[in-house]
Structure formats: C-alpha cells, structure tokens
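Just so it is clear, A, B, C and D label the chains in written order, and each chain counts residues from 1 on its own.
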Amino acid sequence: MAQTAVVYFSGYGHTQRVAEYVAQGAGAPLIEIDADGNLTDAQWETLDAVDAIIMGSPTYMGMAAWQFKKFADLSSKRWFAGKWQGKVAGGFTISGHLSGDKLSTIQYFITLAMQHGMVWVGQAEMGDGTINRLGSNSGLMAQVGNTESAAAIPDGDLETAKKYGARVAEIAGKLAV
Amino acid sequence: MAQTAVVYFSGYGHTQRVAEYVAQGAGAPLIEIDADGNLTDAQWETLDAVDAIIMGSPTYMGMAAWQFKKFADLSSKRWFAGKWQGKVAGGFTISGHLSGDKLSTIQYFITLAMQHGMVWVGQAEMGDGTINRLGSNSGLMAQVGNTESAAAIPDGDLETAKKYGARVAEIAGKLAV
Amino acid sequence: MAQTAVVYFSGYGHTQRVAEYVAQGAGAPLIEIDADGNLTDAQWETLDAVDAIIMGSPTYMGMAAWQFKKFADLSSKRWFAGKWQGKVAGGFTISGHLSGDKLSTIQYFITLAMQHGMVWVGQAEMGDGTINRLGSNSGLMAQVGNTESAAAIPDGDLETAKKYGARVAEIAGKLAV
Amino acid sequence: MAQTAVVYFSGYGHTQRVAEYVAQGAGAPLIEIDADGNLTDAQWETLDAVDAIIMGSPTYMGMAAWQFKKFADLSSKRWFAGKWQGKVAGGFTISGHLSGDKLSTIQYFITLAMQHGMVWVGQAEMGDGTINRLGSNSGLMAQVGNTESAAAIPDGDLETAKKYGARVAEIAGKLAV
C-alpha cells in the first residue's frame, strides 16, 4: 500500500482536528509545521519518502497561513531537485465563513503541487447536506464559526475529511504500483 | 450621480432575483443576456454609456454560465477600443452549495474587468450570519439549495445584494466626478 | 495502454495546432468542439469511454472561449451521473501574450476537472528557454503573437505539448490498470 | 493629491528595483517588509494614513513570498477594525519565467485587498512588446531570468511599472476627494 503523509499548520487547533480525520482516512502520519513555519529534517525526509502528500492550513486573510507558505518556500530545494515529481497531492482548509476564501487556499495548494510535478486529487463526494456540506471539489473544506472551538466542527465535515484521506491514499496506491 | 448598469445571465430565475436587488441598491437598469448569450445593440450602448457595470451569472460547472462567457467574448470589441477603461466594475453569483466554486466565478469577473481596464469594487460588509452570510469579499455571493426556487433565497443574501449595489454605485459616483 | 482523448475548441487554428501535438504525444484522437459549442453524440461517447481527457482552448478575454464553456456546461449530465469520476485530466491553452491570463484558463480547466472527480496532471518539464519556454506547470501553455498564424508557434512550445500529452497518457496508464 | 505607499518584500533585489519604479510613478514612499516578514510601527502607521497601497512580492513557489504573507496575516488587525476600507489597492510581482505563476500572486493580492474592503486598480496599458511586454492586466508583472541580476530587468518592464504607479495614484486621487 502507498504511504501518505499529512503536512499542515494549525493556528488554534481547528486545522489540527481536520488533519487528524484526513490522516485517519489515509492511514497517514501527521507532520505539523511549527509556529515559525519550520519542519525538522526527519519530517522533511518523511515527505521525501511517501507516495502522497496532503497539505492543510487554515485560511487566513484569503490564503494559507504564512507558516504554510514558509514551508512551501522551503520546499523549493525539493522542487529544484525534482524530488516530489509524480507524487500524489491533495489539500484541505478550514475557516470561519461558509464560503469565504477557502477556494483561494485550495487553489494555491494545487499551484504548489503542480510546480512540484505532483498529481492532484480533489474531493469527489457529491454534497448531500452532511457529507461535503460546503460543496467543495477542488480539495477538502471544513467550517466552524470564528468564536467556536475545534470540538464544534460538524461531524459531517470530519467524516468528509476521512473519506477524502481515503480517496487520496487509494489513488496514490494505484500510481505507486 | 453616476450611472450603473447590471448585466447578467439567469438560467432559472435565481440570478434574476439577486440582480433585481443589486440593481435596486445601485439605482441601475437590468441588462439581461439572452439564452443565446446575446445583447441587443441598445443594451451594448447602455453599457458603453454608464460609469459602472455590475456583472452577474449563476455558477455552473465551476464558472460563469457559457452565455455570460459569450457576452465576455463579444465585449472584445469594446476592449480593443478601450471603451470601458476606467469604469467601475463589480460582480455577483449564486449557486446551490454553501461554498462550491462561486469564488471561481467572481475571480473570472475580476479578470475580465481588469482586461477592460476597469476598477474593481468588492463586497465590504463583514459577515454577521445574515448580512454577508457566506463570508464573501471579492464580490457578492448568494446561495439557495439546488431544488429550491428563487423565492427561497434568504432575505439576508438579498439585503446584502442591495447593499453591494449601493456600494458600487457610491464609489462610481466618486470616480465619475 | 490507457486511452486518452483531446477535446478542444479552436478559433483560428492556433489551438488546433497545439492540440495536434498534445494528441500525438498522448496517442489520442482529436475531439473538436464546433463553432456553436457542441459535440456530436459519438464524440461525447468517446469522452465517456477514455481513461483520460485533455482539454484545450484559446484564452479569450481572460478565460477559455465560450464554446469551451458551453461544452463544460453540457458536461453537467456526465457530472450528475458521476461518469467521469476517477478519469485523468489535463489541459492546455494558447494566447497572444507571453503571460496574459493563460493561467486563468488552466485554473478553470482544473476546477472543472475537480467537479467531475477527475485527477489532474500538470506540465512537469522544467523550463529551459525552449521546452516549457513560458514556465507553466499547472497545465500546458503555448504563445504566438496575435497577428501571427499557427505556423509561427515556436517549435519548443509544440515539443512541450507533445511531451505533455505523453505524460498525461503515461499517468493515465498507471491509474487505469 | 492622494498619498500612496508601496509595501513590498524583496528577496534578492529584483522586486526592490520594480518597487522603485512603481513608487516613482506614484510619488510614493517605499515600505519594505523585512526578512522576517515584519514592519515597524511607523511603517504600519504610514499604511494606515495613505489613500492607496500598492503591494509587491516576487513569485516564489507559485505565490507571494512567505514574508509578504506574514505581513498579510499581521494586517488582520487592520481588517478587523475596517481601517483600510475604501482605500485603493494595486500590486506587482516579478519572477524568472515569462508566464509562470505570476498571475497567482496578483490574484492573491486582489483577494487580500478585497478582504480589506479596498478598491482594486489593475494595469491598463495595452501590450506592445515593450510596454506591458508580458500582457498582464490584473496587476503589474515584470520578468528577468533566474540567474540574472536586477540590473537586467528590461527597461520596458520598468517603464510599465512607473506608468502603473501613476495610474493607481491618479485613481486614488479621484476617490480621495
């Protein structure tokens, strides 16, 4: 089976919780970007080794948090060496508004994955009010009010996250053969 | 006072209803793109004459409807002659999902406005659960379930539409002096 | 081996020429969208049958041509039935400017592919001044001056198109096993 | 006359040089984001005071540099207080490829400006091979090869930058009355 990793930044625990469900669905370890936007060498090596990388960040001011962008900028060494070419990629975000600019964050994840020569896998569940409640396809979106804790994220959003992780890992499995 | 026009395509009446509220806020005439993506000569001339153009379309398959895109392609004559340079522009969309790809449609409206050399005015109300319920800033978003009629569009979305029309017209008024 | 098809609209022959090179690389038939934005039933069935679909359009007024968007809107029947889920997707565009809004067109192709539940494959060649001259990764870009014929499209752009077709087909082959 | 400021991050001096031309056209001070993504209190206060803010960053890994994104995230205090509402905004970027993902960076500047309730002014010069060589309208783009110094940025790109600064300041002047 393909190996998948979830690399993410979480500001207040919301993205962390979504990441846990994505990782559970994908059978993936969690690689957390720290508050300064850094990973350890061991974390970078995990990302180099896996078949699929799923990226996560809250949407802050219309885009992934700066700590995620610092990770992206630091990944330029991998890009230059073509190290992530052909890997599978996916991504997720959460914010306080129903729509807001979450699509902007997902679009950036795609742009980054494309620069690395990765293959992008979106979210394919049809929306039914619970699963894929927000109607996102380019990646996985979750939402909870700005003043609410991570515990308040709707179950359906988390279940969708789990299904999404499973989908990315399944497609990575086919490509990794 | 500046003159504003609302140019839009509506498939099943939902965009039409939002357009009416935007137009009411802006004190603007409605210019409807027909089912073949065409405007009459008189409608084009109205667009040429006004100080601000607000664009509207449902989001179908991740973007403005093809009829709107045909309008955009036909506007290339105006672009080539620089006829709309310096006008104010805004835009709105509606779809069945809370998030979906409405931002993609708004982003396209912006790209089109920029090609024409127009000045873009977004939606500036902070979200409070009723006004700007969906948390959109790049333009105006409304939403109602796919199986529901235009009459079911939430009042808050329509009120936001009216405020948005007023904002675009107000800024156009300052620029048109 | 996986079967790939190239579906495209060409206004003045430029996109047609790029499509031919993409198709050559992919070993794919050409499915041309007509001047009214339509395909024949047989063309739709070809798209239903293949493992990978590569989309192409010129960039007009900041986005794919309206005929391509009509094709996209008409594909909603396939979307609703989930017919294209899991297929591989790719895309290409050409315009008269070095940068312009070609990325906007490619971004839309991705958004459309994601709505269909497809897997996106970008352009992975590093730019060297000839191959991937324009430095595009999200999809394939070609460029030639607005007053020039399709014959003037640079050889490197066409060679990149061929390599891109081959890449999409290769990845589709792995996923189709 | 309206007051404009240019806020930018420059990694290796290329963005710095473009910023200087934009600032010259706009009659604007330069506000440089430091290597840690920070501004001084005095720099923030300048941004609060001006009528127009022009944003600049190189395009790194498909988007504005992380230092710029940190600035954007830190601007959330201004956003929350609505301090920048109604100001004029513009943006510019430079990268090593002719197209690359510069549009992605400009799109993000727009998204950020919209969240702040600002009014976006793009680049309106028609491309002629020298002025607006790259064919960008959503904002200002410049380009020079990855191994070349800032001194090698084409004169036409810099002249376009100057014209762009002048345009943003002129429109800000009308709105500030």
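In the analysis below, a contact is a pair of C-beta atoms (placed from the backbone, for glycine too) under 8 Å apart; a residue touches a chain by one contact, two chains touch by 3 or more.
Everything numeric here is computed off the predicted structure, so don't read it as measured data.
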Result of counting contacting C-beta pairs for B-C and A-B, higher pair: B-C
Most distant chain from subunit D, judged by the mean position of its C-alpha atoms: C
For subunit A paired with subunit B, centre-to-centre distance based on mean C-alpha positions, whole Å: 32
Distance between the centres, which are taken as Cα means, of subunit C and subunit B, whole angstrom: 29
Residue numbers of subunit C (touch at least two other chains): 62, 101, 104, 107, 111, 114-115, 137-138
For the subunit A and subunit D complex, residues of the former touching the latter: 37, 60-67, 69-70, 72-73, 75-76, 79, 101, 104, 107-108, 111-112, 114-115
Residues of subunit A defined as touching subunit B within the complex: 62, 95-104, 127, 133-138, 141, 143
Residue ranges of subunit C touching subunit A (in the complex, touch as defined): 82, 85-86, 107, 110-111, 113-115, 117-124, 126, 137-139, 171, 174-175, 177
